[in-house]
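There are structures below to look over.
Look at the two complexes coming up: chain A is in both, with chain B in one and chain C in the other.
Let's look at the complex of A and B:
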């Protein structure tokens, strides 16, 4: 500690306006922008880690499944060039969906769980002069931005690295509507999860949540191909990543079968609404006593 | 939005949530005995937590503009819950609370715009640097980039943290972290500053430094409500003190009046030789001596007023032929007041 601070003369003489003299209140947008700016600044500080975290897994999967396996004679999708290409294509869509979902979910949920329970930092931000629901909404918006960013980072990895060509035929209307919906759904799930997650269980997340979500998320196979295993085909329908993977297939390829667009949009919209309501409610419960 | 049109203060807004008008209740907050407007007014404010714990029980408080007001009480008295309700983080289950004329339940966002809070725990943003903590807090309160930068620079300078502008929060000492939290809370120039146990866990030097800063803010007219279980803190800083225990307000007055309410100027401890029972009998006849209790080798006298009485006690003692060996005075403190009100110690 330094010695007791003394008053700066200039400041003591300066007749500042009376404290709290009806300064106009910041708008909801201004507060939201401030919160978003803070989150983006923090992201910028850890950009290297974010990219590393986002890219490593897809890179390894692409390497193993589409380069190594064919080379060592255990290629997925059959030995034919067409079969391998088809697999590389369906995998690419799955990997984009997975990156979108995971970055949106876990980068909202984990910091929030820690900031609420361990460091109590959220208490400092909750003082921002806005409603609690605006704060929760900001978290969803930020999560959706992260999710979109992750998708954009993974796209070139999954599209151009496989040794077998992927059939890229973009359906723009679907891509431009489905991507924001999927990003939003991921972030809303992240908000919900963040308000129920116990910080102590964070290290276990990969086993308890991430792996089941990924392996049951129609990432390495199409949903339709589960036909021979009906119980699993129905079970995985509770997993929002299934609709994101299938949706990405619909948006990026022809020739790879996918679920009907109605089911994809319907389910994702439903999940988005449910998670938003649950997340908002949970957030309110956690920050207000 | 009116980007770019406003001066480097907070921005006016067309799209504010809640309401554009300052709520009607402000009339209620106008009058208080001193003539100064009240910044905080609670009527029957109550918080019952799920599970039935009544943390705050029908609290009636008025905090006047420009005063330092202390909520004094032991842990669990309901001080933090009270601050939580007044800063829109704890939802009351009964009663009314107005902060700067704003009903905190009806308009929580508007109420938050009028308050600055220094929580007991370190709630600084650990992902940000010292300077960024201030800058972004300004942004949350609607400051434009330039205004937020200027405010952050100014407050770092003023709170003697400029040298640590780029430091990580984890590297700050407890005293510095507290100063930064105070700077952050003060940055939007709130109508009232809340400090929850501001010096708990600080070393004596940091505590003095913080007291001095609070004194400066008070001198500038800032209204401050602090909670504390250090009676010295309440006595030194506060113009008025509310003594709380188990969610209830037991007494509310200036520290002087609270001490006087005990009717005791203090306790004089007199060490002398001879028959102290006899001396006690003599001294009891003296005006201003409320009580004389002889003990082994000493006599405890409860005095109405200490001024003048001490000389007289010494005079009587020597006139009566008791060799006086030592004399000490225990002045009535808020702690004594607290003990007499609750029958227990503040630190219990």
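Let's look at the complex of A and C:
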């Protein structure tokens, strides 16, 4: 007795190949590439909105804190140029982390919540001849690419806008390993949230999640400077943006205190694994329901 | 790929802007004494007096293996521990063989981790870490003069 042919191979986690045929590994990549191309094409159609969302926040923050404030005598970092430059440097690392985190989270979570519950596009896409896990992974990879782009945009903003110099000294091995890890973690968090959220609760995301993540994410201050408030210093350790901000400080500046690289890599890897597992499970639960 | 040519163009522009930013950043760190440098334990830096919030000039005696370091470029870079954006920096001027003067104002008393960057002729540039205990000077009390 042979198994009945299935029209929806992706609905089973590991579709059985026909007898005598092996499922080539390349096909997974081909499907992944196709899905990525599809998402990028959709993004290309709304490029203006994407650029607006990506550039506006870092541009405004850098403009206000490192251009406008020093000019109107409200510069952060005291009266000395060294203090102002130090703050500009601290802020730049935090902004890169914030850009990565928010782009990764929002670009995955919001469309996913809508695609699952409103447009039900994902139901159509699970017909693709691949596993549901591959589709969930593609979502993370797509979010990570956008997250990486958002991080890259902060560099020219911070290079040309501030009135005070930013003393950037790149540690390339750290930057080139930490950035992809942080982007992947952000997108995986986005996948997790996207599979949990209902479309009606999406507007709440900025108030209930984004703001606490941002203000508790060591973006405007170093984690070490929370020493006088120990309860907060330990509470913010559950926030992945803390490790991204501290990691960017380690990668881009010298003489600026930051967590040990072991703690940064360890925590981000842990978050990436946990969010990927939770996101994959949630994705399967939602699309196969 | 034809469907994403605009996206490709934007990515290329962003990559170009990133490269330009790195070029602009490249010289700034040196100006601000913020290079990533190896530490060398053979150097010793001694302060002429304990740093205090009411002083603005300090003399640093710099030696390497017990001998004064002369005709070097010296730069001090320090920040206050626990304060995200309180920092001082200055380049030293040699006022006597092996003695360099810096003008900095520590705005608050407390711990100020510092790095003294030393560039001797024909030797690699090194950083010497120093932990400064800055004394909070008493605020002068003056009677109101109506």
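Assume the second predicted complex is superposed on the first by the 263 of 289 C-alpha atoms of A that agree within 3 Å, B and C clash if a C-alpha of one lies under 4 Å from a C-alpha of the other, contacts with A are read in each partner's own complex, and residues count from 1 in each chain.
Rule of thumb we're sticking to: a contact is a pair of C-beta atoms (placed from the backbone, for glycine too) under 8 Å apart; a residue touches a chain by one contact, two chains touch by 3 or more.
This one's a predicted model, so the numbers in the text were calculated from it and none came from an experiment.
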Partner chain(s) touched by A:90 [first = chain B, second = chain C, both, neither]: second
Contacts of A:287 with chain B and chain C, given as first, second, both or neither: first
Which of chain B and chain C A:134 touches, first, second, both or neither: first
Which of chain B and chain C A:37 touches, first, second, both or neither: both
Chain B versus chain C as contact partner of A:158, first or second or both or neither: second
Which of chain B and chain C A:74 touches, first, second, both or neither: neither
Intersection of the chain A residues that touch chain B with those that touch chain C: 37, 41
Complex interface listing, chain A residues touching chain B: 1-8, 11-12, 16-31, 33-35, 37-38, 41-42, 45, 119-132, 134, 287-289
Of chain A, residues touching chain C in the complex: 37, 40-41, 43-44, 47, 51, 76-78, 80, 82-87, 90, 149, 152-153, 155-156, 158-160, 165-171, 220-222, 224-225, 227-228, 253-257
Residues of chain B defined as touching chain A within the complex: 1, 9-17, 22, 39, 49, 65, 81, 84, 87, 89-91, 100, 108-110, 112-117, 119, 121-128, 132, 136-143, 157-160, 173, 175-176, 181, 184-185, 188-192, 203, 205-206, 208-209, 212-213, 216, 219-223
Sites on chain C touched by chain A in the complex: 1, 3-7, 10-11, 14-15, 17-18, 20-22, 24-25, 28-29, 31-32, 34-37, 77, 79, 81-89, 105, 107, 113, 115
